[in-house]
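Consider the two complexes below, in which chain A is the common component and chain B and chain C are the respective partners.
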Partner chain A sequence: MAAIEFIAARKSYGASIAIHELDLVLPPGAFTVILGPSGCGKSTLLRMIAGLEGISGGELRIGGARMNEREPKDRGCAMVFQNYALYPHMTVAENIGYPLKVGGVRRAERQARVAEAAAALGLDALLDRRPGQLSGGQRQRVAMGRAMVRRPRVFLYDEPLSNLDAKLRVQMRLELRRLHEQLGATSVLVTHDQQEAMTLADHLVVMRGGRVEQEGRPREVYAAPASLFVAGFLGTPAMNLLPGAVTPDGAGLRLEGGVVVPLPLRLPAGQAVTLGIRPEHVGEGDLEAEVALVEDLGASLLVHARLAGGAAMALHRPAELAPARGAALRLGFDTARLHFFDSGSGQRIGGEGGRGASPAGAGEAARRPALLATT
Partner chain B sequence: MVERRPWLDLATHLLLALSALSLLLPVWLAFVAATHDLAGVNRMPINWLPGAHLWENVVAAWERGHFAQRFLTSLGVALGVTIGKIALAMLAAFAIVFFEWRARMVVFWIIFITLMLPLEVRIVPTYAVAANALRPFQAILDVTGLTGLIEAVAGIRISLEWQMLNSTVGLVLPLVATATGTFLYRQFFLTIPEELVEAAKMDGAGPLRFLRDVLMPLSRTTMAALATILFVYSWNQYLWPLLVTTEPDRATVMVELARMVPRGDSLPEWNIVMAGALLVMLPPLAIVVLMQRWFVRGLVQTEK
Partner chain C sequence: MQRRATFRSPWLPWMLVLPQLLIIFVFFYWPTGEAFQWAFTLEQPWGGGREWVGWQNFAEVFSSQHYWSSVRISILYAVATSALAIGIGLLLALFVDREVAGSRGWRLALIWPYAIAAPAIGMIFRFVFDARAGVFSLFNAMMPGLWDPSLNGTHALLMLILAGAWQLVAYNFVFFLAGLQSIPRGLNEAAAMDGAGPLRRMRDIQMPLLAPTFFFLVIINLTDSFTNSFGLVDIMTAGGPARATDLMVYKIYSDGFKGLDYSGAAAQSIVLMGLVVALTFIQFRFVERKMHYR
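This part shows the complex of A and B:
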C-alpha cells in the first residue's frame, strides 16, 4: 500500500495555473475520491499522479519515493479512462494482457493472469470478443481488467462511470468498491458526481479552481462543509442557502424577506451571513411558509416551499403527508443542524469542518474557537 | 436522394454510359488491334471486331520486349516504391502527429509544399544527384577548402562518389518521398483518440511499440488504399526510369513498351505493340481488382 503525497506541487500551462501550490496526502490503501466541478483541476491532478502531465513545481511522492521524473510505466499506477481507451483491434483477452505483453511476461503466465482478472470481473465468456462487440458496462470491466492485471500499487480512475446509464452506474459503483477491498491497493477516483463521491470514498477531496476546498471523511465533509461552495456542491437536493444579515443586537439573523432566525452564536452586528440547512433537517416550527412545488422521490417527497418574504427552501417530507400546492406550512430548524457561512469569503463560521485550504486571510473569523457552536 | 424523376434518371444514366464508353473505347481498340495480324491492324477503315491472332501477338510481344526480365524490374521498382513510400509516409506522419517538437508544423508544411514540386519539375537536379549521390557533400568539402587541406596534409585526394544510374536503388529512391501519403496518414493518425495514446503509455508501450502494436494494425485499410494507388502510380512511371536507365537491359516495362512503338520506316506492327500494352496493363488491373474492397474502406474509413 502506497500513500500519494503532493508537496507544494504546482501545475501551470504557460500563464494559466491549473493547480495552485498543493500539499495533500492521499492515505495508503484508501479509496480517495477527488470531487469538483469541471475545470477545477481534478483530472489534471490525477494525470499528474499517472505521469501523463508533468509537474511544474514541487514534488509528488508515491510510497515515499519521488516520482516527478519517472515515466508513467515506472510509477506502479494503472489507469481507467473515461472512454475506456480499449485497443479496438485486439480481443478482450489481448486488451487485458497487453500491459503484460509489453512488460515481457511469458505467454503461459500471461494467460493465467488474464484468466484470473477475467474471472474476477465476470468476463470469462467474452475473452474472444472485440471491444466493438461489447456493451458499455462490459467495456468498463475490460478497462478495469487491463488495470488490474499489472497488480499496481495505485489505481487511478478518471470519471469511469460517467458514460454508463444510471442503473449500470450504481452497479459498477458497488463493483468498484468490492474490487478495491479485494485488491487492497490505493485507489484514486475523479468525479463530478457528488453521490458517487459520497458512496465510494474513504477519503474525500473537494476541489475548486485548482485548490483543495476541503478534505476528510465523506460524512465529516457532508456534516460540516468548510465553505459555501462545498455546502452547495455536496448533497442532492442541495443544501438550502439563505443569505441574510446579523441583526443590530447580534443575536439573530435577518434573512432576505424579513424572517429572523435566532443565532446560536454571537456575531458582529450587520455582518453578511448565509444560513445553510439541509432539506432533511428542516422540521416543524413556527416559521410560516407556503408550498410552491412538490416532487415525488418515491421514498419521500421533496417539497419546495417559500418562506414569508420569498426565500426559497427545499425540505423532505414523508410520502404519506403530501401537502398540496399552496398549502401553508410551519417550519423550524434544529439549531444544531444549522450552518453559517460568511457571505463575503464563503468560509464556514463556527464548527471546524475538516481542513480547508482557504486562501490566505479569508475565513479568519471561522478559525476563532470562541465562535464554536454551543447549542 | 429518394426523389423519383424518371427523366433525370434516364439522363444521368445516359451520361454515365457515355462516359464509360468513351473511357473504354481506346481499351477496346487496343484489344482489337492486338488480335489481328499485320495486315488486319493496318486495314482502312479500322477493324471494330477482334480477329484470331491474339495468342501469337502476345507471345511475340513477350519475346520481343524481353518482358520476362522487364516485368521483374518493374515489379521490383513498383514494390520498392510502394513499400518505401508507405513506410516513409507513416513514420513522417507519426513524428508530426504524436510528438511535440518545436519545428513540427514547419516540417509538415515543408513536406506539404513538395506537392508543388513533382519529379518532372526537379528532374535535372534529381538526375545529377542520382548520377552521384554524394556530390553535394563533395561540393561542401570543396567550397570549405577541406579537400585541398586534406590533400596537402595526407596526400589523399577526396572524391566521393555513389552512382545510382541503372540500379534498382536509383529507380526507387527518388520516387519514395511522398507528401500525399504523409498527409493521408496524418489525417488518419489525427482520428486516433488521445486516450488510446495515454493508455499505451500507462501500459508501458514506448513510441515504436505503440506504432507497431496499435497504429499499424489500425491503419491496415489506410495502408491498403495507399498501396493500391502507389503501386499503380509507380508501375506507370515513365519519365524517371527512361532517364535513369541508360542501359537498355535495365529498363522497366513502360520504357520498353515505348521503345516497341514503330518509328520511321520500320514495320508498323501495332498489333504486337498493343498486345504488349495489354500485358503491361495486367498487374495494375489485378491489384485494383484484388484490393478494391480494402481500397474503398480505406478511403471512406467507416470501420471505426
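This part shows the complex of A and C:
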C-alpha cells in the first residue's frame, strides 16, 4: 500500500494556474475521493498522479519515492478513464490483457490472469466481444479489469460513473467499493457528484479553484464544513444558508427578516455572519414560516418554507405529515446543529470545523495544517 | 438539423446545377461515349465513315506483346509508387501527430507538394536525376555507368516511381494526419498507462485504428498511379528508353495521337477504365464496409 504525497506541488499552463501550491497526503490503502465542481482542477490533480500531466513545481511522491520525472508506466498506477478508453479493435480479453502483453507476461499466465479478472467482474461470457458490442456498464467493467490485471499500487478513477444511468451508477458504486476492499490498493476517485463522494470515500478532499478547500472523513466534512462553499456543495438538498448580522450585544444573530438566533459564542457586533442548517436538522420551535412548496421524495417529504421576512428554508418532514401549500409552520433549530460562517471570507466560525481537523480518528492527512486556513 | 432549401419554381434548382451537369457531360460522359464508339469500330483510311468491327480492336490489343509489357510496367509502377507514398506519408504523419518541435510548420510544408502540377514535378525531377548534370554526374564521374535513366530502363522507371511517390506523399500525409487526430486522445493515454511506449502505441493502437484510412488511400493511390501518371511520363521519359516506362495511360496517348490508331487507343482506354472501376468497386464493396469499428 502506497501513500500519495503532494509537496508544494503546482501546475500551471502558461500564465493560468490549474493547481496552486498544494500540500496533500492521500493515506495509503484508503479510498480517497476528490470532489469539486467542474474546472476546479480535480482531474488535473489525478492526471498529475498518473503522469499524464507534468508537474510545474514541487514534488509528487508515491510510496515515498519521487515521481515527477517518471513515465506513467513506471509509477505503478492504473487508471479508469471517464469514457473508458477501451481499444475498439481489440476484444474484451485483449483489452484486459493488453497491459500484461506490453509488460511481456507469457501467454499462459496472461490468459490465467485475464480469466481471473474477468471472473471477479462477471465478464466471463463476454471475453470474445468487442467494446462496441457492450453496454455502458459492461464497458466500465472492462476498463476496471484492464486496471486490475496489472495489480497496481494505486487505482485512479476519473469520473468513472458519470456516463452511466442512475440505477447502474448506484450498482457500480457498490462494486467499486467492494473491489477496493478486495484489492487493498490505494484508490483515488475524482467526481463532481457529492453523493458518490460521501458513499465511497474513506478520505474526502473537496477542491475549489485549484486549491483544497477541506479534507477529512466524509462524515466529519459533512458535519463540520470548513467554509460556505463546502457547506453549500456537500449534501442534497443543500444546507440552508441564511445571511445575517451580529446583534449589538454580540450574543445573537439577526437574520434578514428580523428573526434573532442566539449565538453559541461571542462575536463582534455588526459582523456579517451566515447561518447554516441542514434540512434534516430543522425541527419544531417558535419561528413562524409558511409552506411554499412540497416535494415528495418517497421516503420523506422535502418542504420548502418561507420564514417571516422572506428567507427560504428547506426541511425534511416524515411522509405521513404532508403540510398543505400555504400552511403555517413553526420551526426551530437544534443549536448544536447550527453552523456559522463569516459572510465575507466564507470561513467557518467556531466549532471544531476548521479544516475537518477533528482529532477523533482522522487520517494522518487530516492532521496536516490547513492550507486555506492560513490564507 | 435539417436544412432544406425550397424553390418556388421547379426550374430554378435545375438551372442552378446545370453548369455542373454540363461540365460533367462535356468532359466526361461524352468522351467516354466516343471512346466506346471508337473501340468497337474502325475508321476508313481516308475518312468516309466508320465500320463496325466488334471485339476486333480488343483482340488486337490483347495479342500485342507491347501491350502486356505496358500492363506489367503499369502495375509495377502503381504498386511501388503507392507503397512508397503511403509508407512515407504515414511515417511523416505519425511524427507530426506527436507534436515534435515545429510540427505546425512542417504540416503546412508537407501539404504543398500536392498543389504542384505533375509536369512541373516531372521537370524538376528530370533535372535532379539527369545523368549529365547535378549530383548524378558527379557519381557517374566516379563510377561510370552508375546511373543513366535515358539509357537504362530500370533507372528510368525508378526515377518515375520516386517522382510519382513524392507527389502522392503530400496527399497521403493529409489523410493520415486527419485520421490520427480523430483517434481519441484517451486511447493513447490509456495505452501509455498500460505501459506502452510511443513506438508500441503506434503499432498497437494508432496503426490498427488507421486501417480505414489506410485502405482508402491504397485504392486512391493505385487509381491515381494508373490514371494520373501521364504528365510525369510525358515530361520525364516519353515512355522510353525502349518502352521501359511506357505506362498504360501513356501508351493510349502515343498509340492514339502519335500512331494515329484511334480505335486501338480507345480499346485500351476502355480496359484502363474497367480497371479503375474494378478498384473503386473493391473500395466500396469490401474495404469501406469491413474496416470500421464501433
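Convention: the second predicted complex is superposed on the first by the 354 of 375 C-alpha atoms of A that agree within 3 Å, B and C clash if a C-alpha of one lies under 4 Å from a C-alpha of the other, contacts with A are read in each partner's own complex, and residues count from 1 in each chain.
Everything that follows uses one rule, which is that contacts are C-beta pairs under 8 Å (C-beta built on N, C-alpha and C of every residue); 3 or more make two chains touch, one makes a residue touch a chain.
Treat the numbers as computed from the prediction; the structure is a model and nothing was measured.
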Fit or clash between chain C and chain B when superposed on chain A: clash
Partner chain in contact with A:A78 - chain B first, chain C second, else both or neither: both
Partner chain in contact with A:R130 - chain B first, chain C second, else both or neither: second
Contacts of A:H89 with chain B and chain C, given as first, second, both or neither: both
First (chain B), second (chain C), both or neither touched by A:A328: neither
Chain B versus chain C as contact partner of A:A50, first or second or both or neither: both
Touching partner for A:V102 - first (chain B), second (chain C), both, neither: both
Touching both chain C and chain B, counted on chain A across the two superposed complexes: 50-52, 72-73, 77-79, 81-83, 85-89, 98-99, 102-103, 146, 150
Chain A contact footprint on chain B (complex, rising order): 193, 195-196, 198-199, 201-205, 209, 213-214, 217-218, 304
Chain C-touching residues of chain A, taken from the complex the two chains share: 50-52, 71-73, 77-79, 81-83, 85-89, 98-99, 102-103, 130, 132, 146, 150
Of chain C, residues touching chain A in the complex: 184, 186-187, 189-197, 200, 204-205, 208-209, 211, 293-294
Interfacial residue positions of chain A with respect to chain B in the complex: 50-52, 72-73, 77-79, 81-83, 85-89, 98-99, 102-103, 146, 150
